[in-house]
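The letters A, B, C, D, E and F name the chains in turn, as written, and every chain counts its residues from 1.
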Amino acid sequence: MGFDLLIQNTLNPPILFFIAGMLSVFLRTDLDIPQPLPKLFSLYLLISIGIHGGYELSKSGITTDVITVLGLAMFLAFLVPIYSFFILRLKLDIYNAVAIAATYGSISAVTFVTAGAFLESLNIKFGGYMVAAMTLMESPAIIIGLIILNLFANNKNNNSEKTSWKEILREAVFNPSVYLLMVSLFIGYITAEKGWKAMEPLFWTLFKGMLAFFLLDMGIIAAKRIGEIKKVGMFLVGFGIFMPIFNAMLAIFLGYIFNVQKGDTFMLSVLAASASYIAVPAAMRLSVPEANPSLYITMALAITFPFNITFGLPLYYFIVNLIWG
Amino acid sequence: MGFDLLIQNTLNPPILFFIAGMLSVFLRTDLDIPQPLPKLFSLYLLISIGIHGGYELSKSGITTDVITVLGLAMFLAFLVPIYSFFILRLKLDIYNAVAIAATYGSISAVTFVTAGAFLESLNIKFGGYMVAAMTLMESPAIIIGLIILNLFANNKNNNSEKTSWKEILREAVFNPSVYLLMVSLFIGYITAEKGWKAMEPLFWTLFKGMLAFFLLDMGIIAAKRIGEIKKVGMFLVGFGIFMPIFNAMLAIFLGYIFNVQKGDTFMLSVLAASASYIAVPAAMRLSVPEANPSLYITMALAITFPFNITFGLPLYYFIVNLIWG
Amino acid sequence: MGFDLLIQNTLNPPILFFIAGMLSVFLRTDLDIPQPLPKLFSLYLLISIGIHGGYELSKSGITTDVITVLGLAMFLAFLVPIYSFFILRLKLDIYNAVAIAATYGSISAVTFVTAGAFLESLNIKFGGYMVAAMTLMESPAIIIGLIILNLFANNKNNNSEKTSWKEILREAVFNPSVYLLMVSLFIGYITAEKGWKAMEPLFWTLFKGMLAFFLLDMGIIAAKRIGEIKKVGMFLVGFGIFMPIFNAMLAIFLGYIFNVQKGDTFMLSVLAASASYIAVPAAMRLSVPEANPSLYITMALAITFPFNITFGLPLYYFIVNLIWG
Amino acid sequence: MEARKKIEVVIDSYHLGKVTEVFEKNGISGYTIIKDVIGKGERGLMSADELTDAFKNSYIFTVCNEEKALKILEQLRPILKKYGGVCLLSDVMWLIH
Amino acid sequence: MEARKKIEVVIDSYHLGKVTEVFEKNGISGYTIIKDVIGKGERGLMSADELTDAFKNSYIFTVCNEEKALKILEQLRPILKKYGGVCLLSDVMWLIH
Amino acid sequence: MEARKKIEVVIDSYHLGKVTEVFEKNGISGYTIIKDVIGKGERGLMSADELTDAFKNSYIFTVCNEEKALKILEQLRPILKKYGGVCLLSDVMWLIH
């Protein structure tokens, strides 16, 4: 019956299009979705989940449950990158350890929405405030990463670092995706029912189709990087699969303790398990140029993302389901 | 209660996204919507309002009211750039005066559709022929501008001018936006009910969402130019705010005299108040290279457009409402 | 009453937008739809017809009728390029003859969907498996073309050819459009009702509108090439119009013999009549660099495509209608 | 390899046509264009992200023999004077094939 | 600063791979590509606005030492002969960092 | 025509700003940028098709007199050392208009 879930998940058009995208690269069909179309899709997805979450929030209101979940989200966002760093340090230099830890401490919006579609296909609800949780979880890992860096890296070029600190914090908190999520969430919240009526046709009715389109592209992008997995090495490949599972379990455990609802716990576990391949890499490129991008990008995009949306989701749900029944 | 209108207008998602776009520039989030996505949105909007206007027209038919409104629209399109020119001449050289006068004599389609959304939120109708009016009002200002230029500019390089005249007229009447509006209007008109059924899902149901998306980008573009307002100087900043108000009042006055309906008068006032930042600048660049683009573009885009969609609309409506009740 | 059909067809927004696109070039309005927007539209259309066809197929199942139609499609795809080649050889060198023969042996997806919209406006059904037929018909012409080339061309640079053979076959069978059609068809088929529900809003409800948008662009692209028709010469212009008609008649004849349904026969005739301006030119450019692209592209895009969607569709339907009544 | 001259021009996309015209008139064998380049110069920033195409530059270069090049430059001067832009001349070796 | 040679090639995007292959084979340290450039030459106009990618040019350049450059040029000649395009060689100074 | 120096830089789009800063500081008259160019170098492939902008290069060039050029190069060296990229210097003739 875990197997049923696997099928259940795989037979959604979005997942199938993701697989089709990967396959197209292996078959060398030259199928490509040129920029800025992927940019269009990601802007669309961010606005959609923002507005939708805000709308849901305007209906549910901000309850103590909401506060609990947001608190847990924050807690995970600060904790995950810390222990990830020390695990990574076993094999890597400080710079790469920091960059990868930050990558896994943050989240992937596409994984989140794919999980949402998966829950919907099982007719299970989750709170709109989970979008707020996601937004909260995007930036902390970057800040933690940079703090760690300043603690452990013997910073010779100290002052040049200093100068950019403020810059980097801004970059962390106001990177495009965090910002767009925040404003959409806010707009969805205050325009509530009235605004939703106007936005729903574009930003919700078409959502699944756009997701399928986007995942087709994600499949292509991910597969193009698969070649680099060799260079990544077994240790990091393992990290890219087992760290997410562990993070998800931790989230589920916390959800259980603070008795969070089933759907919310699942989404929280997905957030904990997902790794960032947009916001964090951009920030790391800027602030930790010494780290090798083809490590952290490849891991997040070509290992963890595909694993999560194909095997991860059913697995995490299976466990949530065992406990919440 | 004028204040209510202000809120009423601001709480529409499109306006909020416009503000979000501006804010993102001030917060330096690097959020950007790369070309040709803005192009996609503007093509979409032009086709949408064209088809929709044509469809409405196919239902209402061409009545004497329609003729009156179109007549007034034409009249304004010819009159506004003339007095604008003389006002601008008080402070500017001929070339810049001509370019800015033409900019304010023409119209902004996005302002028009935002006004339409605003009216809809107040459940007030306006005729589909207003789109025809808008189309008619786009080009005359360009022609007037060039006539003025030839009258007042001591044209030394006379013959080189001559050669391009024909070219410029074509440019004025068949610029992309005018053309696209005309054909869409025509197609919407002749395919009527049947065509509308086929086009409505893309070109109308999604309209508000696309507008919000587009205004997010408009906000970014406008805010990027705000820096240049200093260079523009107080006189032109004042012109960019009070000229539109005056033009709107004039349109309302005419609408009152020729007893045009409430909704139509409001839309007419918005057209009179709006300034062109696409068609006219393109034409001016070509035909009045001596004029400084960062003056007329900045005024239309960074001063008049934001003013109109935030404060202008409620203001003009407030006055229309006082008279028509 | 053949004339009625002509009007009937022309009064569809998509066709009108195609005409508007061409007109805009003749009027030199500078209206353009920059890349990658056309790419977005073509990706969208391929996925849409793929999913829709697969969904229809999942309802109808794979009957003997289906097998018959697919068989005929294959037969045409292999036959057409062969006789086309020998006709073309009367006036052209081997390389250009091969390239043009392959172009006309293959199909045009946009012509197919335009024909589908036309049928719909006449309330006549056709099987979803016609999409499978189209997919099957895209590649064979390329392979035939290359076989002919190897038979007739005195291949000096033999071994360099050899090396690329495998490459070229892959290119023929797994070119982007064939691949995208196949996977979409497959996804539509296996996710059936459930998947359709999720994909329909984007990939079907908006279809006609997107087609209109795309045809506007097609009109622009086609018109830009019209200038090159002179260079093409009377013989090829004639070929570009009469060959499609002949191919359509052949398809109708076969449809009649194997008593295929009315709608399916019409679509089959359209496929036979249409020429490829995407997949095949790309393949020819790679494998027959000696051929002149401005011949085969111009013919497919500026002669045959416009002819088919304006006069061809009503004509072919008229004849099908005479026979099936 | 043969010695040739390379002419590079950056001008707003609107007036690019005037440059290609000059090239064609002088019968050059071909040219290459890169559209929508960003630029900064006397006429301010050409950010290429405006809604209107009037604020995009294009970069174009052609390779031809010296005498042709000099003729072309003379004909380009008035255009650049009127509409701004830059025009550069440099030495290149052309691979004959 | 060190003296180097700059090799510039314009070729249709489809056959760009053949050029990079030659570069890689000769172990150059890197290259830069500008995709979808517009061009006009013997093979007519490459407007880059077709539906098929087969009518787009790409511009690529690499910087390397003279001897490598000459080797590369020899290997590029047949490619350009078959698929058209241009190839230019010029002198540059490379900023060592 | 006057003799000038052309400075070309390829660097990831993220750090392009640091280069223009140097240009502005030295009061050059203008520059031209081509965004989103693809490249290969020590830091691997910059395919410009990632979801993040951090893997795009930009190409920028400016033309100025020799003395300015040399000043600029010195200030660019540390930037290129830290973030990678290439910087080239060559001779051009500038068409005065």
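By definition in this document, contacts are C-beta pairs under 8 Å (C-beta built on N, C-alpha and C of every residue); 3 or more make two chains touch, one makes a residue touch a chain.
Small disclaimer: the values here were computed from a predicted structure and weren't measured.
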item	value
Graph distance between chain A and chain E, where chains that touch are linked	2
Mutual neighbours - chains that touch chain A and chain C alike	B
Pair sharing more residue contacts (C-beta pairs) when B-D is set against B-C	B-C
Fraction-based call for chain F against chain D, same above half, different below	different
Chain whose mean Cα position lies farthest from chain D	A
Chain at maximum distance from chain B, centres defined as averaged CA atoms	E
Whole-Å separation of chain centres (CA-atom averages), chain A against chain B	41
Distance between chain centroids, defined by C-alpha means - chain D, chain E (Å)	20
Inter-chain centre distance, chain A versus chain F - centres from mean C-alpha coordinates, in Å	35
Between chain F and chain C, distance of the C-alpha-averaged centres to the nearest whole Å	46
For chain A, residues that touch 2 or more chains besides their own	32, 34-36, 39-40, 206
Residues within chain F bordering two or more other chains	34, 90-91
Chains touching one another, given as label pairs in label order	A-B, A-C, A-F, B-C, B-D, C-E, D-E, D-F, E-F
Residues of chain A touching chain C in the complex	11-13, 16-17, 20, 23-24, 27-37, 40, 117, 121, 205-206, 208-210, 212-213, 216
Chain E-facing residues of chain D, complex	1, 4, 6, 20, 29-35, 63, 90-95, 97
Chain F partner contacts - residues on chain D that touch it in the complex	8, 10, 34, 37-42, 57, 59, 73, 76-77, 80-81, 86-91
Parts of chain B lying in touch with chain C, wherever the complex brings them together	35-36, 39-40, 43-44, 47, 51, 170, 174-176, 179-180, 183, 186-187, 190-191, 194-195, 198-199, 201-203, 206
Residue ranges of chain E in contact with chain C within the complex	12, 14, 36, 43-44, 47-55, 82-83
